Structures are given as C-alpha cells and as structure tokens.
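Each of the next two complexes has chain A plus one other chain: chain B in the first, chain C in the second.
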Partner chain A sequence: MSKTILAVDDSSSLRQMVAFSLKAAGYQVIEAVDGRDGLDKAKNQTVDLVLTDQNMPRMDGLALIKALREIQSYQRVPILMLTTESSDEMKAQGRAAGANGWLVKPFDPQRLIEVVKKVIG
Partner chain B sequence: MANNKILAPQLKDLLSGVSNHGNQHLLEVEVDLLQTTALLGEAIDKLVTSFVSIHKAVNIQQEALDLLLSGKHPSEEEIKRLKNIHLEIGRHVNAVITNMQFQDMTTQLIDRTVKRVVGLREVLASLGNTGAKMLPESGGEEIILFLNEINSALTAQSSELEGAVRKVVSQNKMDSGDIELF
Partner chain C sequence: MTIDMSQFFQVFFDETEELLAEKERLLLGVDLANPGKEDLDAIFRTAHSIKGGASTFGFSDMADITHVLESLLDKIRKGEMTLKTEHVDAFLAAKDVLKMQLDGHRNGAEVDLGAVEEIRGRLALLSQNIKSGLPATGAASTPGMSAASLHSGNGKQLRKLHISLPAMPEQDLKILAAELALLGALEHIPDGSKPAVLTLLTTENTDEIISICAFMVDTDDLKISEEPVSSNTDTTQAEDDIGYGFFDSMAELGINVDQKLLPQVSEPVLNLAPNVLNNAPAQQDAKPREAEKEKNHPNHESSSIRVSIEKVDQLINLVGELVITQAMIEQRTDTLDPIAHERLLESVNQLTRNTRDLQEAVMSIRMLPMDYVFSRFPRMVRDLAGKLSKKVEFITHGASTELDKGLIERIVDPLTHLVRNSIDHGIETPDIRLASGKSETGKLSLSAGHQGGKIVIEVSDDGAGLNRTKILEKAKKQGLDIPDEISDSEVWQLIFAPGFSTAEIVTDVSGRGVGMDVVKRNITAMGGVVDIRSTKGSGTAITISLPLTLAILDGMSIKVGDEIYILPLNFVVESLQPVPDDIKEISGQGRVVRVRGEYLPLISLYQIFAITPRFTNPAQGIIVILETDGQKVGLLIDELIGQQQIVVKNLESNYRKVNGISGATILGDGGVSLILDVSALIASRQTSDAELICS
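Showing the complex of A and B:
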C-alpha cells in the first residue's frame, strides 16, 4: 500500500508541483491550502509524512507543526518544512517546534523524492 | 522667540524623518522589485530552454514511432538514443518543475512590496490627518505639540511597517535550495 503525504502550501501552483513530483514516485498526496486546512485534514486521516510551507494565512507552518505534535498519532510522524526561508534562526524554530527537516524552495523533484524516500521509504 | 527656537528643529526633524523613512521604505521596494525581475528573468530563460529541449526530444521519439509504423526496425544506435531520450525528458521536466516555482517566490516578494506601499500611503495619510487638526490660528506652542505628535507617530508607524514586512524570500537565483534533515 502506497504511503500518504500531506502537502500544505497556500500556493496552488506549488501544491501542484509537489503533488505531481510525489505521485510520479508512487506516493498518495493530500493537499491543504494553509495550516488550518492542513490540521483539519491531518485529524481526518493519519498520514505518513507532512510537508508544509511556513508563511501561510490563518495558521503558519510552525503553528501547524506545534499543533500536530500535540496529537498523539502525530508525535512520531515525520514533518518536513518546505519554504523560501533559510535563516538559521527559522530552522532552529522549526526544529524546536518539532520539524524533522528543512527544505528550501525552489525544490528539485528528484532531490525531494530522495529525501522523502529516506524519511518514510 | 523661544518658541521659534523649538519650532524650527521640530520642523526640521519632521522633514528629515519623512525623507529618511520614505527613502528607506522605497529603497526596500526597489530591492524587492529588482529581485523579482531577476528571478522572473532566470525562470523564464530556463523554462524556454527546457521547453525547446522537450520539444526536440518528443520529435525524435515521433521519428522513431514513424519508423516503426512504416515497418522498419530502428538500429541499435537509434534504440540506445531512444532509451536516453526518456531520461533526458525526465531531466528537463524536473527543471521545469523547479523553475515553475518562480510564481510562489515572486508572489511573496510582490505581496511584501504592496504591503510596504500601502503602509507608506497610510503613514502619509496619517501625517495629513494630524496636520489637518492644526487650526489657522494655532500658536507656536500648539504647533510644537503637533509637530512632536507627528514626529512620534511617524517613527512608530514606520517601525511598525518595517516589522510587518519581514523578508522571507532571499533567493536571487532559481537554483534548487538546500535540504537539511535534523
């Protein structure tokens, strides 16, 4: 059974690129338009990996990660940040919130698939 | 007389404050727009290159299909070339996906520019509103108080605006970003 990834980003084109890349590698992808939508979808169905942007309306990536880590079933689910931000300060905040990795945009599809395979197989 | 000695510096502060804050914000606007232009330019160049390459590769595949349909068999060299074309198309598609992300990045830059311009407009409107409270018969002391109020509001609003437009896109190139697993 293929693994499921929750892709959270307020950019529709970015979500399409992520979904296209990951589906081509055999993963199922659920899309969410912001942190709040991501949290709602994560509660409805436990996924194998969460890939989230940082700067989104309603709920940003850091807030989403913190909220997910408070849910029992999401305490061990890998969460990767996919964002334009690259400062050490933001990465430290991401790590402290519970992120397992940090990917800086723009992403290369091949490298994205490699890191996802490394994290969830 | 004493009031004139206070009035002139206050007025000078206001004028230089408006100039400095305005300059600072407009410089940031210029930087963001130049960055947007650079990202757009590079993305479009790379997308055009990828499009042309994919088009060529697809034509080669079609030639091979036409050959097969005509009943002829491709040579070993042609077979090898066809196998490589598939990988080549994959590489170009990956490049397209990377460069299509310019839309996300430039949107964030433009949003920041718009916020800054709107913020500046609000600061100037605020200056005008405060100035409108001054009555024609206002004396020197009242004018000094108004100028003091305007100067404080200008500094506060300008700082608030700077805090609201944090720079989140530092990329000047469309090269794929770093990956770090914690």
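Showing the complex of A and C:
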C-alpha cells in the first residue's frame, strides 16, 4: 500500500504543487490549509509523514508539530518543516518542537521527492 | 521524472491576486494608533505567502519586492519599528507594483520597471530608519536605489564597508548618512559627537562613496575598509546547495539518513538573514514566458469556468425569444374552454413557470456582486482624504447585492464621481468639523440593496450638506430659470444642470464642471433615477435606483385608440378614473388633475402621438400617475390592459431613435409595441405643452 503524507500549507499553489508532485511519485496525499486543519486531519487518520509550512494563520507549523507530538500515535511519525527561514534559530526551534528535519523554500518537486524518499522510502 | 511547474501558475496567479486584495483590505483597515498584532501578522503573511509562491514558481521579480516588503513588515510586527502612515503608503504602493508585475506575468501587461525600482528603494529606506532615526517622510519621498543595490542579481558584488568618519556635527552626519543610504543598506549611525563608523552594505565602488563623503568631510580623514558579506560564506553556501537537512532525532525513528546531512545546529552563531532570493532556481526564470502560452492549462482544477460575455448574451437573447413564444402560447390558449382543455392549460401553466425560472437563472449568470465596484473605493477614499488633509471613515453595506454586469460596469464612473464629491465638497476638514461640534472624522457610507424590483445604491456623508443659497446664486448667474418658490428637492436637482459647480476652489479632485450632469445622464441612460436628500450641516445622501437588468422589464400595457404601448412599471405610481370636478384647465399650463389635494399636470397620450382615442374627456378615460425625478404627472389613456414582463428590444439598432420612445417589445400575439420613455414624456410638459415630441 502506498504511503500517506499530510501536506500542510496555507498557500494553495504551493500545496497543489507539493501534492501533485508527491502523488506523481506514488504517494497518497492529504492536504490541509493551516495548522489547525492539519491537526484535525491528522487525528482522523494516521499518516506516514507530515510536511508542514511554518507561517500560517490560526496555527503555525511549530505549534502543529508540538500538538502532534502530544498525540500517542504521532510520536514516531517523521515531521519535516517546509520553511523560507533557514536560520539556525529557526532550525533550533523546529528541532525543539519535535521536527525531524527541514526543507528550505523555494524547492523544486525533484528535491522534495528526493527528501521524502530518503525519509519514508 | 520532471514536473512541469507552469501547471501551477494559474493557481499562483489567482492566489496572489486574492492575497494582494486581502493585503490592501487589511492595510486600509489597520488602526495606526493601535495596530492589532493579528492584523500585522496577517499583513506580513500575505507578503510572505506571495514571496514563497513567487520564488517557488520562478517569478523572481515578485519574490524580490516581497522580500524587501516582508523584512520591513517583520520588523514592524516584531515591534522593532512603529507602523506609520508612510509605511502604509509604501505598502499600498508596493501592492500596486506587485499587481502590475502579476499582470505582466499573467497577461503580458507592460511592467513599469522605474516604479519597481522606486518602490524597492522606498521600502529599503524605510527599513533603515529603524536605526538611522531619519525622518521617514524625507526618506520615503526620495527615489532610492538602495535595495536595488542590495540585490546581488545585478551582477555587481555586494560588499560590506566600514566607513570611519571624523567627528562632525550631528546634522551633517545625518545628511551624509541619508546620502549614503541611497547607495545601499546603512546599518549603523551613531550620534555625531565623536568619530563615527558607518557600516554600509552596497554594490557601489569605493570611489563613489568617497566622492559623496567629500561634500561633508575631508577625504584624508576618511577610512573605508571592507568586510566580506556573511551570507556568502562557505557554510551557508553549502547549506544552500542542499536546501534541506535532518536532525539526529530522525535516527531515533529508525530512519537511516545520510549522517553528512545532519547539521550542527546546537550553537546558533550568527543570525544570518536567509538568502532565499539567491536560492531561487535560476533555471526557472524562463518559465513565466511559458505561462503566457499555457494560460488555461487543462490540469487547473476550478469550480468555475470562463465563458465569453457574447455567449451569455446570446443565451439571454434566446431566452428572451422563448419568453415571447411562451407568452404567445399563453395568450392563444387563454380563450380555450378550461374544462375541455384542462390538461393543455395545465401544461401551459407549467411552461410559464419553467420559462420564468429559466429566465431568472440565465439572467443571474450576468449578475455580479456590488463588491466588484465597492472594493475599489476604500483605497481611493484613503488616497483622496490624505490629499485633502481630511479624515474620513468609509463604510460599505450590501456589497453582496447583485447587479447585471452591464450595469455594474456603467455605475463605476458615476459612483466614483459621487464619492469624490462627498470627500471634496461634502466632508469638512477636521478643524471645521470640530468647530461645528462634529467628530473630526467624517463618515462616508456606500450602500446597496434591493427595493422592490430595483437596486438602490446610496452614497451618503455626514458633511456640510448642500448649500441652498449658493446653489440658487450660481443657478441665477448661469441664467437658469428659477421659480420664486422652489422646494429644497427642486434646488438639489439644479446641481445636475450642465456645467454646474459651486466649488469655490477647483481642485484637482473635483469641481471642474463636468460632473453631476454627466452622472445624471449616465444613470438615466441606465434606466435609473437619482435622488438627493441633504440637510445643511449634517450631510448629503445621493440615492441611485437602477433596474436589475436592462434586458427585461416589468411593464404595464396600456391602450390608446388602437395602439398598445408599454409603460415601465417602475414609473407607475397608481391609476385612477377622475371625477369631472378634479380636472381643471389652467390658462397657459394646460389641464391639471387633482389627486388627493395635489394638482398634477395632465398629459394626453393621444395628443403626443397624434392618434384618435376613444376618449378625449379625462373623466371617461383612465389616468395613470407617473413619477420620475420627484416630479409627478398624470397620463391620460383609454384603457389598462395588464402587467407583464417584457423583453426590451432596442429601437435604435433596429430602426432609429424616436423621441418619447425608449424601445420596443414583441407582444404575445406577435405584434410590436412601443415602450414609452417616461422621463421624456414628463420633460415634454415643460416645453410648450405636449408639443409633438414625436417626429
């Protein structure tokens, strides 16, 4: 069975790009429009990987990661941040929140698939 | 596997367009005295999202502007800088530039590169004021190039220079700092009491800097040293190449990732500004061109489709024909015996209902929400109020009210004019308002709503109101014929006379004389009516009533002699059969009819169209009371036939313009009937009685 990825981003164009690329690479993709939507969708179904943007309305990426790590079934699910801020401070914050890695925006679809493959195969 | 990024362009364009509109809305709504954290975050986020998309999809010019914009917004939302009017001005201007760039990518519209450079410089200068303490106004008006130089994409090497200056008066230092700021990002400006060191990020060469400093200091006292720019250090370079990384927690999940990729994040050494722009994939720069080729990519998911207006109009026309045919059937079956033909008549009724539903559904395709017009005003009001040093609070109601596309496009100009007038002539300056006991901020409201079969749009303000005396003086000066006793509402109508303007000062905003007459003419041409209510000192309200659509109207068919005419129902107040005593002959003014104590001029339709009626005596015929522009008249006809929806056919395009007739329609029996132009009928009363207005 193909693996499922939760893609959280408030920008619909980026979300579509991410979803389209991942689907093309054979993954199933659940899209969420912000942190809270992502959290709701994550609760309904366990996924194999979470990709989340940082800056979003209602609930940002860091808050989502923290909330997901509170959930038993999400403690060992890999989470990657998709962020324009590649500063060490941001990475340290992401790591503290429970992220497993980061991907700097802008990225192209090939790069995204490459990273996802490294993580969940 | 390669994925064609251009398939996402359309979504990006739509999204950016929405984000820009959202940004403008938020900026216009922001309270400068006490900007809400959430608002600032939301404004920041619009810039941030556009930047993210623009850099991903290779629109580097937009990414560039949003980058500068984003950094300034970030400083403001973090409280490092206070939001000021000049920031909002610059942000709005940046929004305009981004929109222009967006249109450039989307439709191949022309992009004014000068404006792009201007706004980039302006934003960068505002960013620097954080430390320089320079008056922001001065900086904002300087067409700067600083940020342009910051962007290393211009081929020049970005360098960080330390400029050591001798002691100099603080004033001189500030002037010099402002000059240097034009060359790039100025990082540090100490006070001028002791020898100072300025740090400048620039692509300009050292000679240029020396020549600027030479105006203020002796070049011998000047020392310039260079420091490599941190963002180009090897570590970041390496990171940029990879663009991603994993924390060691990944290993704990049992996932084997390349250990070389694990970053050393434990010690945050420098808070480097992420050089995302340089990271933008250069190979994608050519992609925007492809966007033009593939504007409507089939993969683009959407819940709406674009249809040309011609197709919609053709559909409306066909439905119009169907309505006529249906009316024809209805009329022909009307005479049948209801019992013998029960099932046929039932079907005809069904057809009638279906036709009406279909007609409404088709008409609704052409409907657009008033927001289409309203949304352009907040910005205009803000700019105008700023220009005239007035404070205006702008409110809209009923923006979701729908109106025919053709009408909505034609209402833009008249409304713009009325809104301008309100700000320019209606709302007073803050000091005058305070002196007259009002709050210093004027209220301007724009509302739309349905009233009966019409849409009513109102522009109202709480300004000075119309000045009766001034209008009368001006009207007399212009040689207008003014009766001695004239009601307020008649005085207000005078401002619609051609060339009429009471503005004492002709501003570049309004008051040039082309004005209210054009407004009135445009609205009348749309089948609408303008009404003014005004109270001196407390404001003016101008109401425009428009038909929902031009293509179909509710009409009343009337008969004079053998002719059937249509009266648009929205002009009809009532109809009555007068008693002989109510008809009076007034010398020089013709006949009048008394309706509940009020004498109304009586127009005989048979005289106007020179036909032989059944009745010439008003007491035998029927009088229809018509009203337009606050004037009422009685129209003498033979008989009322009934009310029906009619499809308006343009007489001019099929025959020629005929005075007193606004169009024609095809009746249920296939005959043609003329639609009376009520405004012209009423106007004809003022010219020497009903002097044959038809040719």
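Criterion: the second predicted complex is superposed on the first by the 121 of 121 C-alpha atoms of A that agree within 3 Å, B and C clash if a C-alpha of one lies under 4 Å from a C-alpha of the other, contacts with A are read in each partner's own complex, and residues count from 1 in each chain.
Quick note on the criterion: contacts are C-beta pairs under 8 Å (C-beta built on N, C-alpha and C of every residue); 3 or more make two chains touch, one makes a residue touch a chain.
It should be emphasised that the depicted structure is a prediction, and the values quoted were computed from it without experimental measurement.
Upon superposition of the two complexes on chain A, a steric clash is found between chain B and chain C. When the two structures are aligned on the shared chain, A:Lys118 is found in touch with chain B and with chain C.
When the two complexes are overlaid on their common chain A, residue A:Ala25 makes contact with chain C while staying clear of chain B. By the touch criterion defined above, A:Ser73 lies against neither chain B nor chain C after alignment on the C-alpha atoms of chain A.
When both complexes are overlaid on chain A, the residue A:Asp88 reaches chain C alone and has no touch with chain B. Contact with chain C, but none with chain B, is seen for A:Pro57 once the two complexes are overlaid on the shared chain. Considering which of chain B and chain C touches more of chain A, the answer is C. Only one of the stretches 6-14, 78-86, 114-122 or 132-140 in chain B has C-alpha atoms clashing with chain C after the fit on chain A, and that stretch is 114-122. According to the touch criterion, the shared surface of chain A, contacted by chain B in one complex and chain C in the other, consists of residues 11, 13-14, 17, 20-21, 55, 84-86, 91, 95, 99-111, 115, 118-119.
Chain A meets chain B in the complex at residues 9, 11, 13-14, 17, 20-21, 54-55, 83-86, 91, 95, 99-111, 115, 118-119. If you check the complex, the residues on chain A that touch chain C are 10-14, 16-17, 20-21, 24-25, 53, 55-57, 76, 78, 80, 84-89, 91-92, 94-95, 98-111, 113, 115, 118-120. Those residues of chain B lying in contact with chain A across their complex are 93-94, 97-105, 107-108, 168-171, 174-182.
Within the complex formed with chain A, the residues of chain C that make contact are 1-3, 5, 7-8, 11-12, 15, 42, 44-45, 48-49, 51-53, 55-57, 239-240, 243-247, 249-250, 253, 255, 257-258, 263, 265-274, 276, 279-281, 284, 301.
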